[in-house]
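Before any comments, here is the structure.
Order of writing sets the labels: A, B, C and D. Residues in every chain begin at 1.
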Amino acid sequence: MENGFEPVMIGFTCNWCSYRAADLAGTSRVKYPPNVRLIRLMCSGRLDPTFVLKALSAGADGVMITGCHPGECHYLEQNYKAMRRVMLLKRTIAQMGIEPERVKLVWASAAEGIHLAHEITNFVDEIKALGPLDWPTAPRRRALEEIEQLEVEEVPA
Amino acid sequence: MSTENGRKENGRERIGVYVCHCGTNIAGVVDVKEVARWSKEQLGHRGVVIARDDKFMCSSLGQELIEHDIKKEGLTRVVVAACSPHLHEKTFRTACSRAGLNPYLCELTSIREQVSWVTSDKKVATEKSKAMISGAVERVRYHEPLDPLKVPINESTLIVGGGIAGIQSALEIANAGHPVYIVEREPSIGGHMAQFDKTFPTLDCAACILTPRMSEVGTHPNIHMLTWSEVEQVDGYVGNFTVTIRQKARYINTDDCTGCGICVEKCPKKVIDSEFEVGIGYRKAVYTPFAQAVPKYPVIDDENCIYFEKGTCKACEKFCPTNAIDFEQEDELITLEVGNIVLATGFDLFDARRIPQYGYGRLANVFTSLEFERMANAAGPTEGAIVMRDGHTVPESVGIVHCVGSRDRNYNNYCSSICCMQSLKFAHLVSERTGAQVYNFYIDIRTPGKDFDEFYQRVLEEETLFVRGKVAEVTDATRLPGEEGKLIVQVEDTLAGKQRRIPVDMVILSAGLEPRRDADDVARQFGISCSSAGWFTEKHPKLDPVATMTEGVFIAGCVSGPKDIPASVAQGSAAAARVVSYIEQGELSLEPVRASIEEAMCSGCRICNDLCPYNAIDFDEQLMVSEINSALCQGCGTCVAACPAGAISGTGFSDAQVLAQIEGLLMLNLEEPAVMAEPV
Amino acid sequence: MKTLFYPGCSMQRSARPYLDSLYAIQEDLDLELEEVEDWNCCGATEYMSISRLPAFSLIGRNLALAQQQVNGDASLLAACSACYLNLAKTDHYMLEDTVLGQDINTALEAGGLHYDPGSIEVRHLLDVIMNDIGMDRIAELVTHPLSGLRVAAYYGCMIVRPDLDQRWDDPEYPSGLESLMSTLGAEAIDFPLKTHCCGGHMTQISPPTAFELIRRLVHGAAQYEADVLVTVCPMCQLNLDAYQVEMNKHFRTDYEIPILFVTQLMGLAFGKDPEELGLGREFIDSGPALEKIGVETSDESGEPRKKRKKEEGLPMPPMVGGVR
Amino acid sequence: MAERSDLIELVTEDVNLVEMVESKTPGDARLAMCIQCGTCGGSCPSGPDMDHTPRQIFAMLRAGFRNDVLKSNAPWYCVSCYLCTVRCPQEIRITDLMYTLKRMSVEAGLYEDSTAPDLSGTFMDYVERYGRSFEFGLATRHNIRHRPLSVPGMAPLGLGMLTKGRMDLTPHHIEGVDQLRAILQRAKQLEAVQ
């Protein structure tokens, strides 16, 4: 999609692995698109499906869920529960008429900063390809329309 | 601004936002002044009363700035936009509490690691920073004052494994005046070190330095030994573990036994000792593994004892001067209450039979490193004589093979780290005691420790021949004259670039170290994690090598990977220090990130009960509701997410906080809608 | 059971006794061998040395023909180790390296053929005997045990290595052939050179090199006091048998180790007529060795040689459950 | 200018050699993973007769010494026993790599002793002509070309093969020779493109 569409996305990270991977990506100065805004949870197991639905309904075009690799969960095995939930969730949103690809599960250990950055980059491209999410009554979309009107008046330097 | 999802609005907050330049780390990419200005202006209606930027928020000046505002401006919440919480969360929380604000009312958002360092476009970076602050502001509104959890620490410590690492830990803790239980699977403590002859690089005799420590453990008033015992079950949490231990039947009444050894002497049944003598020596059916065993009491091996086989003999019973033999004895289950646990269960030796081309088990004169240690040991089956499998012939030439089962993707990828020095030690012992020509076959010589390379030099001076090449095969199939009756080591001499066949009388395989066969079960039992290879995982490989992700469970020695004796001892002491510091604190304060169940809302469906990996959730049969043991709870939040009634809330990560942060990040909270980031 | 069979060029000729003896016992083994129609050479180790894709396509044709013939999935039996490896390797690499797989099929299309990787399971005769037919069945068939015959069980290379499909207990030190030999009543030697090289194509490229490799094996067999060396590969038999004579000339030695095919010894144990098993067509006469088991008169006299005496002294480590 | 070309002559290193060899080998050959331990050279049955051990060949490949590698007899002395492959601690597909090097040296025509390439070539000819290998033809043609003196010496062997009914004087044709040739033709075209 080359219409300059810049999606806004929410990423849920695990405090022990993927959040630290994000830190590592930073310290190693790996560049990746700014579209994903991260939220820290203690564990991917904390992911309440309503968080994802909330994000999508509130204007996010995609949601990324990240956690420790299977078998490496800081809390022993909770990431498996996250895995199951995400699978169900994908089915649910599909039934709601939303592309399941808008929700993505990614494993990233604390050492995989580059990997995480890479995954984020890919996901942003995938969502760009999918285009904006037309969630019924997406408030952000309404907001954007208003802005466009605003922008007509003031000419940017 | 929506307040759905039954979220509890915390009245009108006074929020301070602090944007850090971090020198140019942030300010070089993010327009920090604009971000601060914007926060005040756009988020004012959300409670932001102050928004400042500062060169270094973490500096004492920066912290004082926050403290000042809390006092003067009566801030009720603080948001710091700087680096990762994993670096400075504590710093700013402490600053808050100094100013009298509950530390948990402070939120740190990482615009360095997540914005300035990973984004090149300044405009976009600035926009993303705004969004993240907006998210933090919304989140912090739903923060609640928290107090760290206090748990009392039981003074006793359990140490699993009586090798040198465990012994060191036990003595350190006991000498600090605290009770220690040490559980050992074998009849005696001592571990692998007790099997060794000399120790590299100093060549002091293992027994001479180990046995004093062993007897110290045996006689220490604060140490209670449980040998011939294994941990059966572990319950509880840091400070308050309940451990069940199975003490296997010794068939010897230890109160009466004097360890005189007459029973051993009189026992008619001789069996191959596949444990302590690793199969190259014999022992009786009633035995102590070795002379200096601690405790001194023997054990009756009921698989080989004639009485247990045929119901006759009882020679030991007849001759025991104190009637200490008790064939009726049974396993005993012992329950201990301890505050901390140190796992020092050590390693297993790589099974050299897995490499058939090296001939171990097929070719008589191929020995493993442990077999050689026993042979070289003055108390071993050959009284220290280095001889071939026939029991008397002294070898004229010996080949020592490095990296057996290590640095090999067919077996173990890792380097076992002790084999080089061990092999050099073998080379020295062989030439010293037999004058035989010694060959060392190596891929790389790794001698990084103190005085290690000096020892290598010494062995070179002793005219041991070094062949750089991983041995291809050891065979008795002759090819050339002079090979008859020899073992032929076939190898590429990679420095000469030629294939060589070197006939020797004896081959010693420096087998690598592997995790204990049952490492996975043990890890599960104690609620800690293993690497893919099976070594226990440290809390932090560099900065916290003896702690695990499970509070109160520490690791020492080879459980976390191959180590030599000094390193294992150092870890034993380190683990002890960690334990003692916990004990000294009397109680431990834990992050109050915990789940709790609102009784009124709990339907008693028990869905959460099985979800908890720490069994922190119990079901109250009377009230028909589930309840969470906050000390057991580690705060992962899985139950919170799963509760269909929404009865479980997770402090620090409540639904309200996360949902608010989502709205904030998506800029739904602005009076006039935000301009979305548009990268150029 | 009907079994698709790829004999390969050598079995047609230089290893004819292998083919004959296999056919002689196929009924006893409940095998109904059905040749792949109009199969072509597998390229041995030579074709691959000149060009890659053509070499794989050459083999691909056989796989395609096989798939066509059974129209579907099936296992394909090869008794020549080189053929076995080439067929198995091609199938395996077509699966692993999809680009290669596509290229091969593009080439096959030129001949109106196509092969779906993974649809044909390539098996070596010995593998089938060990794992499908099984020792119990073999034991039932033995009427003339090879008592007292000391056999060096020799696998050669290509049957056990690289063992892409993990069919053997160990790529260096397998044990199947030994248990087969003892089931036949023979005394199987734990032959340390059991999977070492017979010389391969070196007989043509550099005879001295080949002679040395042959000498090692023959000398080894002699060192271990073997009466015969049993093989499962035409190339091994040819090199060790026919070139044993040349090797003796080269080194001025006088080794006389007869080299027989596994199927020939099975045939003898099943009481087949030596003629029918192609015996007597080897260069090193197996007569003297076979007299020991009284091949003609099926009386089972002939006392086994005594084993080499074990060392006394320190006990040996137990092997049970050792090797994984 | 002349000097310049002379200088170019001197530069023999080929920096992309490792990648190139790997790309010509099926699957993941892992050549770059070699730790120079010598397991291959130690295991190789014909190793003693190789001018460079496999390990040295890999070191030379890394160094980019293309010509030296393609002049070596090592690939041709490889007997495809796969001992090195199963023993290699880095799981490098050494035997497959040796095949690749043979093909490269045939292309480059740098290997002086043509015995081995010719054997393969002759073998290939017969296969392409008849669809089956032709041992008699192969043996005689090969020996007459490369070891004329040894032919009389080898005669008994050949004779033995014949009398024992283990060799044919005439080749065996398959029916689908044309089909086979078409396939091989297409394959060669494809490979030429790559």
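Here, contacts are C-beta pairs under 8 Å (C-beta built on N, C-alpha and C of every residue); 3 or more make two chains touch, one makes a residue touch a chain.
Since this is a predicted model, take the numbers as computed values, not measurements.
Asker: Could you quickly compare C-D and A-B and let me know which has more C-beta contacts?
Answerer: Result: the pair with more contacts is C-D.
Asker: Distance from the CA centroid of chain C to that of chain D, rounded to the nearest Å?
Answerer: 24
Asker: For chain A and chain B, let me know how many angstrom lie between their CA-based centres, rounded off.
Answerer: Computed value for the inter-centroid distance: 34 Å.
Asker: How many angstrom lie between the CA centroids of chain B and chain C, rounded to a whole number?
Answerer: Centre separation, chain B to chain C: 50 Å.
Asker: Using CA atom averages as chain centres, what separation in Å is found between chain A and chain D?
Answerer: Roughly 53 Å, centre to centre.
Asker: Got the chain B residues that touch at least 2 other chains?
Answerer: In chain B, residues 357 touch at least two other chains, as defined above.
Asker: What parts of chain A, by residue number, touch at least two of the other chains?
Answerer: none
Asker: Which chain C residues sit where two or more other chains touch them?
Answerer: Only 172 qualify.
Asker: Chain contact topology under the given definition, line, ring, star, complete or other?
Answerer: Contact map by chain: other.
Asker: Would you please name all pairs of chains that touch?
Answerer: Chains touch in the following pairs: A-B, B-C, B-D, C-D.
Asker: Residues of chain D touching chain C in their complex?
Answerer: Contact set of chain D toward chain C: 24, 26-27, 45-46, 49, 76-77, 79-83, 85-87, 93, 95, 99-100, 102-103, 106, 115-117, 119-121, 123-124, 127, 131-133, 135, 138-139, 142-143, 147, 150, 153-154, 156-157, 160-161, 164-168, 172, 174-176, 179-180, 182-188, 190-191, 194.
Asker: Within the complex, which stretch of chain A touches chain B?
Answerer: Those residues of chain A that touch chain B are 4, 6, 8, 10, 16, 19-20, 22-23, 25-27, 29-35, 37-43, 45-51, 54-55, 58-60, 71-78, 81, 85, 117, 139-140, 143-144, 146-147.
Asker: In their shared complex, at which residues does chain B touch chain A?
Answerer: 5, 84-86, 110, 112-115, 117-121, 124-125, 127-128, 131-132, 135, 527, 529, 532, 549, 593, 611, 613-614, 634-638, 640-642, 650, 652-653, 655, 658-659, 661-663, 665-668, 673-679
Asker: Would you pull the chain B residues touching chain C in the complex into a rising list?
Answerer: 272, 274, 279-282, 351, 353-354, 356-357, 359-362, 364, 368, 371, 381-382, 387-392, 475-479
Asker: Where on chain B does chain D make contact in their complex?
Answerer: Against chain D, the touching part of chain B is residues 357, 407-410, 443, 468-473, 490-494, 497-499.
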